[in-house]
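Take a look at the following structure, please.
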Amino acid sequence: MVRVEDFGNFETAWCPGCGNHSILKAVKQALAGLDLAPHQTLLVSGIGQAAKLPQYLHCNMFNGLHGRALPAATGARLANPRLKVFAVSGDGCNYGEGGNHFLAALRRNPDITLLAHDNQVYGLTKGQASPTTAQGQKTKTQPGGQPSVPLNPVAIAVAMRISLVVRAFSGEPDHLAAMVAQAAETPGFALVDILQPCVTFNKVNTFQWYKERCYMLGDDHDPTNWAAAMRKADEFGDRIPLGVIWRGDRAPFESLAPGRGTPLAEHRLDRSALEKLMDSFA
Amino acid sequence: MVRVEDFGNFETAWCPGCGNHSILKAVKQALAGLDLAPHQTLLVSGIGQAAKLPQYLHCNMFNGLHGRALPAATGARLANPRLKVFAVSGDGCNYGEGGNHFLAALRRNPDITLLAHDNQVYGLTKGQASPTTAQGQKTKTQPGGQPSVPLNPVAIAVAMRISLVVRAFSGEPDHLAAMVAQAAETPGFALVDILQPCVTFNKVNTFQWYKERCYMLGDDHDPTNWAAAMRKADEFGDRIPLGVIWRGDRAPFESLAPGRGTPLAEHRLDRSALEKLMDSFA
Amino acid sequence: MSPNAITILIGGEAGQGLATIGQLMAKALTRAGYEVCVTQDYQSRIRGGHNTFAIRTGPEPVYGPEEGMDILVALNQETVDRHAAHLKPGGMVVAGQKVDLDGHPGVQVPFTELASKAIYHNVAALGVLGSTLCGDLGILERLVSDTFAKKGQEVVDANLEVLRKAYHWFQAQDYSFHCLSPASEGNAADRIMLHGNEALALGALAAGCNFLSFYPMTPSTSIALTLIGKGGELGLVSEQAEDEIAALNMALGASYAGARACVTTSGGGFSLMVEAVSLAGITETPVVIFLVQRPGPATGLPTRTEQADLNLALYAGHGEFPRALLTPGTVEECFHLAHWAFDLTERYQTPVMVLSDQYLADQYCSVPRFDFASLPEITPPLLQVDELGTYQRYALSPDGVSPRLIPGYCEALVKVDSDEHDEMGHIEEGPANRTAQNEKRLAKASGLRAEVIPPELFGPEESDLLLLCWGSGLGACLEAVELLQERGHKASVLHFKQVWPLREDQFMPFLEGAKTVVAVEGNATGQFAGLLRKETGFAVQGAVLRADGYPLTATYVMQGLESWIA
Amino acid sequence: MSPNAITILIGGEAGQGLATIGQLMAKALTRAGYEVCVTQDYQSRIRGGHNTFAIRTGPEPVYGPEEGMDILVALNQETVDRHAAHLKPGGMVVAGQKVDLDGHPGVQVPFTELASKAIYHNVAALGVLGSTLCGDLGILERLVSDTFAKKGQEVVDANLEVLRKAYHWFQAQDYSFHCLSPASEGNAADRIMLHGNEALALGALAAGCNFLSFYPMTPSTSIALTLIGKGGELGLVSEQAEDEIAALNMALGASYAGARACVTTSGGGFSLMVEAVSLAGITETPVVIFLVQRPGPATGLPTRTEQADLNLALYAGHGEFPRALLTPGTVEECFHLAHWAFDLTERYQTPVMVLSDQYLADQYCSVPRFDFASLPEITPPLLQVDELGTYQRYALSPDGVSPRLIPGYCEALVKVDSDEHDEMGHIEEGPANRTAQNEKRLAKASGLRAEVIPPELFGPEESDLLLLCWGSGLGACLEAVELLQERGHKASVLHFKQVWPLREDQFMPFLEGAKTVVAVEGNATGQFAGLLRKETGFAVQGAVLRADGYPLTATYVMQGLESWIA
C-alpha cells in the first residue's frame, strides 16, 4: 500500500499562497490512491514554477527543457512501458514554447497524463503574458494590454478527440486529486488543465476570481457527446465548468506505433537477424 | 488595372498534374481580381513544394525557413502595413514544423492570409506522412501505417474564432480563386486550407478521392454560427465541405499591437524624445 | 580603484524589497556625484531563498564587486549569518530589531517605530543608510519625492516623513561610521544610473531600433522590458513571441519589410535561434541579437553569470557567412556597442550579436549622460531605386554588399531567399552561381574586419604580466592590475570589446611584448584563448577561469595568478 | 586507383528511373566482384531537372568520382548535350532512339522494340549496359529475378525476357567497347553494396540501436528509411517527430528510459537541436546524432554536398560539456563509426555526433560483408543497483562517469535535471556544487581523449606534400596522392575520421615532418584547419577548398595544388 508520506515532504521554492502547493498535494494523493509507488512513476517536466513540481516529491524525474516536456515524455513512454508517465508544466511551457508538441500529442494520443498548471501568466520569469492570459490584460511586457486572445487548450483538445480532457482548479484539491487519478488511469492522452492562482504576478485571475466562476459539471453533461463537449470547452468567462469535459475512445499511441511493446532496455541483439538483414544488401 | 499576365509565367519544378499548378493560377487570378499589383503584395513562404509558389510569380517574396512562414509574415506585416501579406506553405510546413506558429497566429489574428496547400503528405522530401495524413496510411517511413490521427487545422482554427476559415480544393480553381480573394480582403487572419492532390506521393488522397467527397457549402450554412461551423469543420471523410466554414469578427492583431501603425521604414529618430527618456535614468 | 571606495551589501529573501532599497541608495549616491557599481546575486525563485544587492561606491571610479563589505544591511538573520564574518575593519551591520547582530558592530533599527506601515520600511532603511554615509538629506528627499510622485502628494509626504525620521534616528545613535569622502564637484549634475541591460536598450533606441520580438528569458528580459517601457513613445513595435524561433524569424520578416529590428535572449533561447541566424546570413537581412549569458548547459543556473556561450555565438548557424560579435565590458560600452551593432548590421546586412552576461546585465552603474549628438547617423535602407525593372536584391558587388530596398514603396520587387539564389533572389542550384553568391556573402567579412574595434590596453605596452579578457571580465582585471602594480609588477590588461572578427595587427605586439599572458575568462575551458590561438597561433601561458556562477573579482583573479606572481 | 577503372554516367530527369538503372548495374558489378563507387547528383525537385548517377568501377579499389566518363547512358537529349563532351577516348554513349548522339560514338537502343511496356525500359537499359561491359548475363539474370521476386513469377519472367533481348541486341551490334578487366577471384562471394547512409543505419543496428526519432531532411532521410525498413524486425521503435526539437528531446526521453537512441538530420534540423544537445550534455544522457551535411546557409542547396557544419557541430549547445565527433571517410567507416558512436555515448553519457555529407550519404560502394562477431559488445546501462536508498544518478567519480540506472526496474529513483543539480539530481544553485558537477562532466573529456581514433596516414611519414583531410574528403585525396606520386612527389594523405577531441601526439610528427601541409576541405573557410590551429598552433601552408555543392575530386584537388607542385 502506497501512502502519501512515501512521496516525502520537501521544502519548495514557491511563494506562500501559490496554487502549486495544492497541486503537489493532490498529485501525491492521486498517486497514493492509485497505489503507484515512487519508482513506478515518471514525472517529466519543462521549466517554470509549475515545472519544479517533480523536484518536490519522491519519483523518477526527467526535468528537461522549457517547453519540451511532452516529447521527452513520449520518448520515455515508448521506450519503457513499465512507467506511468506524467508531463507536468505551466501554461507557458505547454502552450507557448511547447505548443507544437501539444499539437503533436493531440494527434498521437500517447498514454501520458499532462498536468498543465494554468496560472495564465509566466510565473518564473516574473509576470509576462502567457498564451492563456486574457486579451487586454496589462503586464510589464504588454503595458498596453495583451493583444492576442488566450489559447483555449481545452477546446483544441476536444476538437482533436484525445482520450480525456479535464478542467480542474487548485482550489478544489479533492476534485483535482480525483481528476488526476482518473487521467492517470485513462489509456491514451489525458489533459488536465489546472487553473492555478499565481498570487504574485496575476492580480486578475485570483483565487477569488476562479472561485466565483468555477462550477462542477453535473451528470447532465455527457462527456462522450462531442458537440456538448465543445460547448463546455468553449465556456470560460463568467462561468467555468470543472470536471471531465470530454472522454474519447481513441487507441493509445503506443498500441499503434512501431516496435514490439517490450521495454527497450530488455532488447538483446539478435546477431542472426542482423546477418539476414545484411543479405538484403548483397 | 492589374492583369493575370502581370504576374508572369515561370517554369516550375512541380510534377505534371500536381495540384500546385492550379493553386498558382488561382492566386494570380485572385490578385488580379483584387487589383493588387506585384509590388503591393508580399508572399512569405517556408520550404516544401508548396512553398516554391512565390518563386513562380512576380511579387515581393520572403522565402524563409521550413515551418517559419508565419512568424516572418507577422513581422513583415507589423513593420509594413503597405503590403498585402500572404503566407504560403504546405501542410508539413504549417502544421508540422510550424505548428507552434500556427497556434500563435490563431491567438494573434494578424491580417495575413495563410494559403496552406494540404496534400496530406510531405512532397519535397518524398512521401513521408504529414500532420494531415490519415491514420493507418502507409508510407516508407510509416510502413506499418501512420499511428497518429490527422490534425484538423480547420476545426482548431474555428475553435479559436479567427477572422476567416476556408476549406478549398485545387480541383475547383474558380472557387479557390474566389476564396483566396475573400481571404485577402478579410482584415485579420484568414486560413485557406487547400486540398491539393500530390500525384507522386499520395496515392490515397487523389484528385478523384477529393472530387468524390468535396461539395460546396450552401446558403443553409451560417459561417457566423460557431456551433454550426465546428460541425462543418469536423466533417472530413465521406463528405468534405468546401467554402467559408467560419467567419468571425475579431479585431486584427495590428490594431491592438503596440506601435504607431506607420511603416517602420518611415520612422525617424526623435533626439529630444531620447533626451527625455535619458532623464528617467537620472 | 579608489581607496576611499566602500561596499554596501544588502541581503535578504526574494520579495523583501532589497533591490528597491539598493536601487534608491545607488541612485542617491549617483545624484550625489559618487561612482557606483552594483552587483546582484539572486536565485531562480520569486519568494524566499537568499539574495544580495551589493553597491560599491566612492568618489573615484569603481570597477566591480569586492569580497568584503563595509556596511551590511541585513533584512533577515540569514544575511548576518552568511555575510557578517566578511565585514571589513570598521564596518557595521544595519538590521531590524528582530535580527541578532551576533556580536558584530552595528545598529538595530526600530522599523516599526520609524514607520507605521511595512510598505515604508524600504524608505526607512534608505534613511538610515543615507545617514550612516553622511549623505545629503536633501538629495534623499528629492529622490523619494521623484520616486513616489506618480502615487500622489499624500504618499510622497508620508514617505518623506519616514525618511527624515530614520535619517535623524541614526544621527542620534551613539554610533559613527566613517563618512564617504566627498564626491568630486560637478560629477553630480550630468550623471545617470542604469544597468547593463538598460544601457543596451538605450543604445538600441538611440540607433533607431523600432522593432523587438523576444521570448522572456533571464537574464535578458530586462532589455526587452526597457525597450518596451521606454521605447513605446518612440513608436517601437514589440511582440512577445511564442518561442525564440518565432522571435528571430519575426525580426527578420520585420527587418526585410523596413524595421530596424532586434531580439533579446539568453543561451537556451539563442540555441533555438541558430537556424534563423543562418537565415539572416543567407538572406542578408540585418538584425541585432542581444545574447545575455548565464551558466549552462541547458537550464543550468538561470540567475547566475558565465561567459561560456562565446563558441556557440561564433559558430551558430549551419553553413558559412560573416558576422560580428561585440562584447561590452562596462555599462557605458553596453550603450555604445548596442548602437554600433545596429550600424554594422545595417551596412553589412549580416547578423551582429552583442554578448553580455548576467553580471553586467544587472550591474547598475553611475555614468555620464550619453551624448546622442555625437553618435553617427545610421544609413537607412532604400525606399526607391531608379532601375525599377532591373533591381536585384543580390546584385554582385566587389564588397559583397548589395543595395537593400524595402518592398512596397516602388515597383521594384524585393525577393529574398533561404535557398541558394541568383542575383534576383530566385532559387538557383548551379555551381557557378553558388560560388558567386557564397563568395559575395563571405566578401562582406573584409569590410567587417576593416571596422573592427581594437582591443583596449590598460597599462604598459610591454609588460611582465598581461591579463587578457573580454566582455564583463574587464573590471576585475583592471582592479587586479592595480593591485599587481602596487606590488611592483609591470602588469597590463588587454580587453576585447569585439571578439569577432579579430585582427592580429591590432594586438599581436602587446601579446608578444608581454613576458606572460594569462587569459581571464568566466568559463571553464578558456574559449577566448582558444579563439585567439585559432586566429593567431598564439597560446596563452596561463588562464584564470571561473565557472561557479559568480562574477570574476579582483580577489579571484589574484588568487588565480598566485603561481605567476610568487 | 586502378588504371582499369571505368566510369559509367547515367543522366536524365528526376522521375525517369536513372537511379534504378544505376543501382541495378552497380549491384550487378558488385556481385561480379568488382569494386564500385557511386556518386549521385540530383536537384531539389521530384520531377524534371537534370540528375546523374555515376558508377566508377574496376577490379581494384576505386575511391571517388572522376570528371570524365567511359560510358554515358543518356535518358534524354540534355544528358548528351551536357556530358558527351567529357567522354574519355574510346568512350561511348548509350541512348534511346529519340536522342541525337550529336556525332559522339555510341548506340541508339530501340527501347520500344526490346520492351513492350515503358516499365521494362530500365531493365532493357541494364541489359545493354551489362552487355557493353561484357558482364556475365547469369549475374544480371539472378539480380533481376531477386529484384522482382516479390512481384511474382510473371513479372520476373517478363523482365528476364527483356533483359536477355537487350543483352543480345548489343552483342549483335557492330560496336565494341573495351570489356572490363576481370574482377579478382573470390571477391564476388562476400560482398555487399550499400551507400553511406545505409552503412550508418546498419552500424547503428549492429550496435543495438532500438530507438529512432527524426524529422525528414535531405540528405539524411535515407538513414531513417533504412533503420525503419530494416530495423523493424529487430524491434526498433521509430517515430517521425513533429520537428527536430521534438526528435532530439524524444530521443533523450527514450534513452533515459532505457532505449539506445539516435536521431538523423541535416544542418537546418541540427541547428534546431542545439538546445537539446546541451540538455544531453547536462543530463548526461547517451544519444547519437547523425548529421548529414549539405550546403548552407539556411536551406542552401538541399541535395548537394558540403563539409561546412563542422564548427557548428563542435560548439553546438550553450554552456560547456564534452562530446565526440566522428567523421567517416568511406562507406565501410560509416558502418564502423556508427557502431563506435553508440559505444562511446553509452560509456561516456554525453552526445556523440557522426558527421557525413550528401556525397558520402548517397555513395553506393561494394564492400566486404561486415563481421558482426568482431564488434565489441556495448555495455548496457543498469537495471538494478544494490544501494536502493542511496543511489545517485550524478554521484561524483574520478572519471566523471556515474552509474546510469534505467528507471522502473528497482526501487531506486532516477532523477535527471536540466538545471544544475546535486548528485541526486535535484536543483542546487550553490557554487561548490556547481563547480563539482561542472568539473565532473568536463572530466569525461579525458576518457574520450584517451579513446580517440588516430588519423590515418597514407604515404610516407615524412613527405614533401601532406594532404590533410577529414570525412568524405578521403577518396579525392587518396587518388590525388597517387597522381602526385606518379609525378614524382613524395606526397601523403592524413585523414581524420575523428575530428574531436584531437590528440596532438597522434599526428604532430606527420605535420612537422612534412615540407608543405595543405588542407583539403569541402567548405569555403577551412574549418578543420582552423580547429587544428586552435588545438595545436599548427598553421597549414595552403588549402584546397570546394564549396560549390559538388564533391571533392582528384582533378579538383590537383588543380588546387597547382601552385604547390609547379
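Each chain carries a letter (A, B, C and D) given by its place in the written order, and its residues are counted from 1.
What we mean here is this: a contact is a pair of C-beta atoms (placed from the backbone, for glycine too) under 8 Å apart; a residue touches a chain by one contact, two chains touch by 3 or more.
Being a predicted model, the structure only gives us computed values, none of them experimental.
Asks: B-D or B-C: which has the larger count of contacting C-beta pairs?
Replies: Answer by contact count: B-C.
Asks: Quick one: which chain's Cα centre is the longest way from chain B's?
Replies: C
Asks: In angstrom, rounded to a whole number, how far apart do the mean CA points of chain A and chain C lie?
Replies: 37
Asks: Averaged over CA atoms, how far is the centre of chain C from the centre of chain D? Could you give it in whole Å?
Replies: 44
Asks: Can you work out the whole-Å distance between the CA centroids of chain B and chain C?
Replies: Using C-alpha averages as centres, the distance is 41 Å.
Asks: Can you tell me which residues of chain D touch two or more of the remaining chains?
Replies: Answer for chain D, listing residues that touch two or more other chains: 43-44, 228, 232, 238-239, 242-243, 245, 268, 275, 279, 283, 298-299, 418-419, 427.
Asks: Would you please write down the residue numbers of chain A that are in contact with two or more other chains?
Replies: Residue numbers touching two or more other chains: 47, 63, 65, 97, 99-100, 103-104, 131, 143-144, 147, 257-258.
Asks: What part of chain D is in contact with chain A in the complex they form?
Replies: The contact residues of chain D facing chain A are 31, 191-194, 198, 202, 205-206, 208, 210-211, 213, 228, 230, 232-239, 241-243, 245-247, 249-261, 275-276, 279, 283, 369-370, 372-373, 380-381, 383, 406-419, 425-427.
Asks: So in the complex, which bits of chain A are touching chain B?
Replies: Listed in rising order, the residues of chain A that touch chain B are 95, 97-100, 102-104, 106-109, 131, 135, 143-145, 147-152, 155-156, 159-161, 226-227, 230-231, 233-234, 250, 253, 256-258.
Asks: Per the contact definition, I'd like the list of chain C residues that touch chain A in the complex.
Replies: My answer: residues 15, 43-49, 215-218, 221, 224-225, 228-229, 232, 238-240, 242-243, 268, 298-299.
Asks: Using the touch definition from the top, list the residues of chain A that touch chain C in their complex.
Replies: Chain A reaches chain C through residues 13-16, 47, 49, 63, 65-67, 96-97, 99, 122-126, 128-129, 131, 140-144, 147, 200-201.
Asks: What residues of chain B sit close enough to touch chain C in their complex?
Replies: So the residues of chain B touching chain C come out as 37-40, 42, 44, 47, 52, 54-55, 58-65, 68, 70-80, 82-83, 100-101, 103-104, 257-260, 262-271, 273-275, 277-278, 280-282.
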